[in-house]
């Protein structure tokens, strides 16, 4: 069992497109801008590569928040990928909200390769919001949870 | 004047302005219509505040010489807005007991028939607590 | 066209002309100005201090009255206009000020800057149109007139948004509309000396006379302003030898309602 | 089952100071498939790479995970190393534990824990990696240069000299750009025309260069090595093949009211005109907004007087479509508009001018024939004030936050030339800082002060008013701690420079990125300064950031070298991380085709099982750029992206959430 008063540290998955936001995250690193270690980044070529099932899988496996970052509208390396991503995520997040996964746990942000500071501030804010919401319980696969606690 | 709580931080809080953005171009001083009457000039205000050297400002009447015409605010390329800083220092001074710069006794001699009361209201707002 | 109207204290005493002629001109132009109920002094000057809330409350009350009437708020005194417009901007964009002001006022509906504040000049330019005023003029003022803006109408431009702060044209366009010829003088948007008329006349003298001298040198036969304190300083401290008048007075004269 | 090796880099102390690398190496051994792990001080070094290569050979590794800096930094390095000893490069994955861990976290415990998780995710991915082979695509051996200023001209000449064909597309009627308007150039004071016009002629006469003037690139499609551009050629209303550039038409034109752009609007030109004497191509052009024939249908004086019969009022816009292997952006700059900076009174006073206007006033081919006369009354100015940083280094909406870089030097040049030619003139320069980093630059500026007696005043100008014909300049002298008031005859503003307004649309067209100031972003600010992040698109001149002429020319040549390097290849290796359809799952619904931004997907009828012919999606791997839009759209899950498969990403998610 976990110790009761242990500070809640959410697990957060960030999908970052290779061209803008992953580079933005790199720039945050180069600039030594701090953000919480809870954020783990998965590199994808474009935000439009993010399949809604990836996000469902993350929540199922115990993630407390998922953020997807792409290039600013109009700046997509692949011209229009981020527009597809935006539409897909709007639908998905509404659906997740319906299921009880609050809107605060999901987010789409546009971060350019030049916006290291913005990447850090977005992550700080997102982690703070998710921490306030507490652990995600809705569609977590209980077996995963038990495994985790059993460790 | 040690109890004044006149730290640069405090000035920043009251004015909402960050003196560190200043690039020392002196455009505020170049713009100031009341330059001649000031012992310390707008760019010096900014520099003093930035460096926390505030005691000189307090001893100077310069804080009461700003016209609040906002020429420096409008023209400052760095959005340092010197007039806001000066207002914050002036307020910090007059908020002390007995530090009012304008006393009611002085009024009768200063006014004439034509003077709009707007002038008095403004002067009292700027110079007294 | 119906607007809430805020005259301000000085317009009820020393600057009656500014008020009276604004009303009569408005009527002649088919604009209804409804005086805000139980208005209070605007505060005279706007303070930039973040922690001064009390001095902004009376302006908020005026703004709330206009909102409750569902009309835009028209001001005519340049000083009142500056204070009310800037407080309105605070209520819109400065959370610190708006939260505290609303907490203090305890109004049924908190105020969030909903009212649009326009100066009488903006009413003439944007709502009525100088072209239409030109058509309504009965007695064209055929004089050479220098316009004095001072600082309050234009600055800070990010909030006032009336005109280009360094190259304004609204008063010159107004002068053209009433049939007169504008004279552009140096220092027309520099300070007149303001409230230093009370504490240090030499400052007011130096500042006002710069504009007055330039205007007279440029052949102005009259000086125009929108602010009672500017008018006082230009006259008393600037040593103007030509008449200094409110723009509303000239408008009324041109419209034939003086 | 894979046999994976995990290599943890210390990056000196960059990683090792915050991440317990030994613990990461130890943790790796517990991951499925991992048979070996090691840590080393500099994994990217020769000996670090040897360590990886030896491990691959000795342990027979089938997959490699390197925990190091960003994959954007050294992924290629490590993949190359793996390839050199026979491992497929795409069996290598990077866990970014520098930019994403050690540089942003301070707590060793926390950082190590995160590094382990990122390592775990990378291992999970490599377990599912498959060998990928990159395809090849042909390179079109021609280059397109957008913009015909000194940057574009230099790039074009260098590419052409290497033996490749180049098209220069210039939106104005002549090439030459801003440099053609300059009088002298710092720090040597050579005449700009004397050094530029030979280059213009060289470009025009070069057998490999084609100048497409008075034209704009309308759209670009394709990819590195194989771009297709549509170029819109605006009608000149003059037949280019017939016009001899004699200039009779311009002389006869009765319309004289158009502002002469070449002289910054300080004099006028006819509706039909040749921009300037040394214009290239030297052809007339008709401005239909000013032409009386176009406006009223009558006139045609030029047509009647043209002995070459070149005037053609019926000329229409033309579209040229061309293929290119590389594209160079050289769109240049403009001085900013000064509407928001009216404290200097530019629009209110004829005698407040910009530095570029002063260049024309001092030039022998300018509106005053090279005699310095002020615009209002054509009198010789005796007191001149220069204002620096007009719109540069500011934060207001009307300002630019950057230093425009060239103003300090050209102002020193102007003040020196004026003092040289008119010693009776007092010259004041209001400056905030004098910035002169460059060969012989500071010496040049000091000459202006010491030898020519130019008054440099440290302070900015706050307000310029016109009081009865005199310009009253209110400035500050910070060293004297005084306000200075100067009644000047002429004021020269060093207006900030900004990228040409077309930069934004060109960037969008090329999917190249621009920064918040609309300057093109380079692929790497230090190591790849002339390439854009978009493959095959290169940057030349001020479109990338403020530059003076020597720097522009250097960068132009550098861009040319990059282009030549690309064009010298017959084929390019494609990105193997492309989409592919599982024909057994594909139902031919066409959803993927609709979302593909490159038109890489088509449909073929294929015998998927014996006797079962079906319409299935087919990905052209040379065209696919690997964005993955189709993979998410596909309703049956047939489409997947190599290198970033659904399973791989899911495995990463699982590893992180574990």
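A, B, C and D are the chain letters, set down in written order, and residue numbers restart from 1 in every chain.
Just so we're on the same page, a contact is a pair of C-beta atoms (placed from the backbone, for glycine too) under 8 Å apart; a residue touches a chain by one contact, two chains touch by 3 or more.
Every value quoted in this text rests on a predicted model; they were computed, and no experiment measured them.
A.B. asks: Tally the contacting C-beta pairs at the C-D interface and at the B-C interface, and name the larger one.
C.D. replies: B-C
A.B. asks: Taking each chain's centre as its mean C-alpha position, how far apart are chain A and chain C in Å?
C.D. replies: 52
A.B. asks: Where the centres are mean C-alpha positions, what is the separation of chain A from chain B, in Å?
C.D. replies: 48
A.B. asks: Determine the centre-to-centre distance between chain B and chain C, using the mean Cα coordinates as centres, and give it in whole Å.
C.D. replies: Going by mean C-alpha positions, chain B sits 24 Å from chain C.
A.B. asks: Quick check: what residues of chain D touch more than one other chain, meaning two or more?
C.D. replies: 343, 463
A.B. asks: Hey, what residues on chain C touch two or more of the other chains?
C.D. replies: In chain C, residues 165-166, 190 touch at least two other chains, as defined above.
A.B. asks: Could you please write down every pair of chains that are in touch?
C.D. replies: Applying the touch rule to all chain pairs gives A-D, B-C, B-D, C-D.
A.B. asks: Could you please specify the touching residues of chain D with respect to chain C in the complex?
C.D. replies: Touching chain C: residues 339, 341-343, 345, 347-348, 463, 465-468, 472 of chain D.
A.B. asks: Could you list, by residue number, the parts of chain C that touch chain D in their complex?
C.D. replies: Interface residues on the chain C side: 164-167, 184, 186-187, 190, 214, 217-218.
A.B. asks: Flag every residue of chain B that touches chain C in the complex, lowest number first.
C.D. replies: The touching residues are 13-16, 33-34, 36-37, 64-65, 67-71, 73-74, 81, 83-84, 87-88, 91, 101-102, 106-107, 110-112, 114-127.
A.B. asks: Spell out the residues on chain D that touch chain B in their complex, using ranges where they run on.
C.D. replies: For this pair, the touching residues of chain D are 343, 389, 393-396, 399, 432, 458-463, 474-478, 481, 483.
A.B. asks: Which chain D residues qualify as touching chain A in the complex?
C.D. replies: Chain D reaches chain A through residues 70-72, 96, 98-101, 103-107, 110-111, 113-114, 117-118, 121, 508, 511, 513, 515-516, 521, 533-534, 577, 595, 597, 625-629, 631-633, 641, 644, 646, 649-650, 652-654, 656-658.
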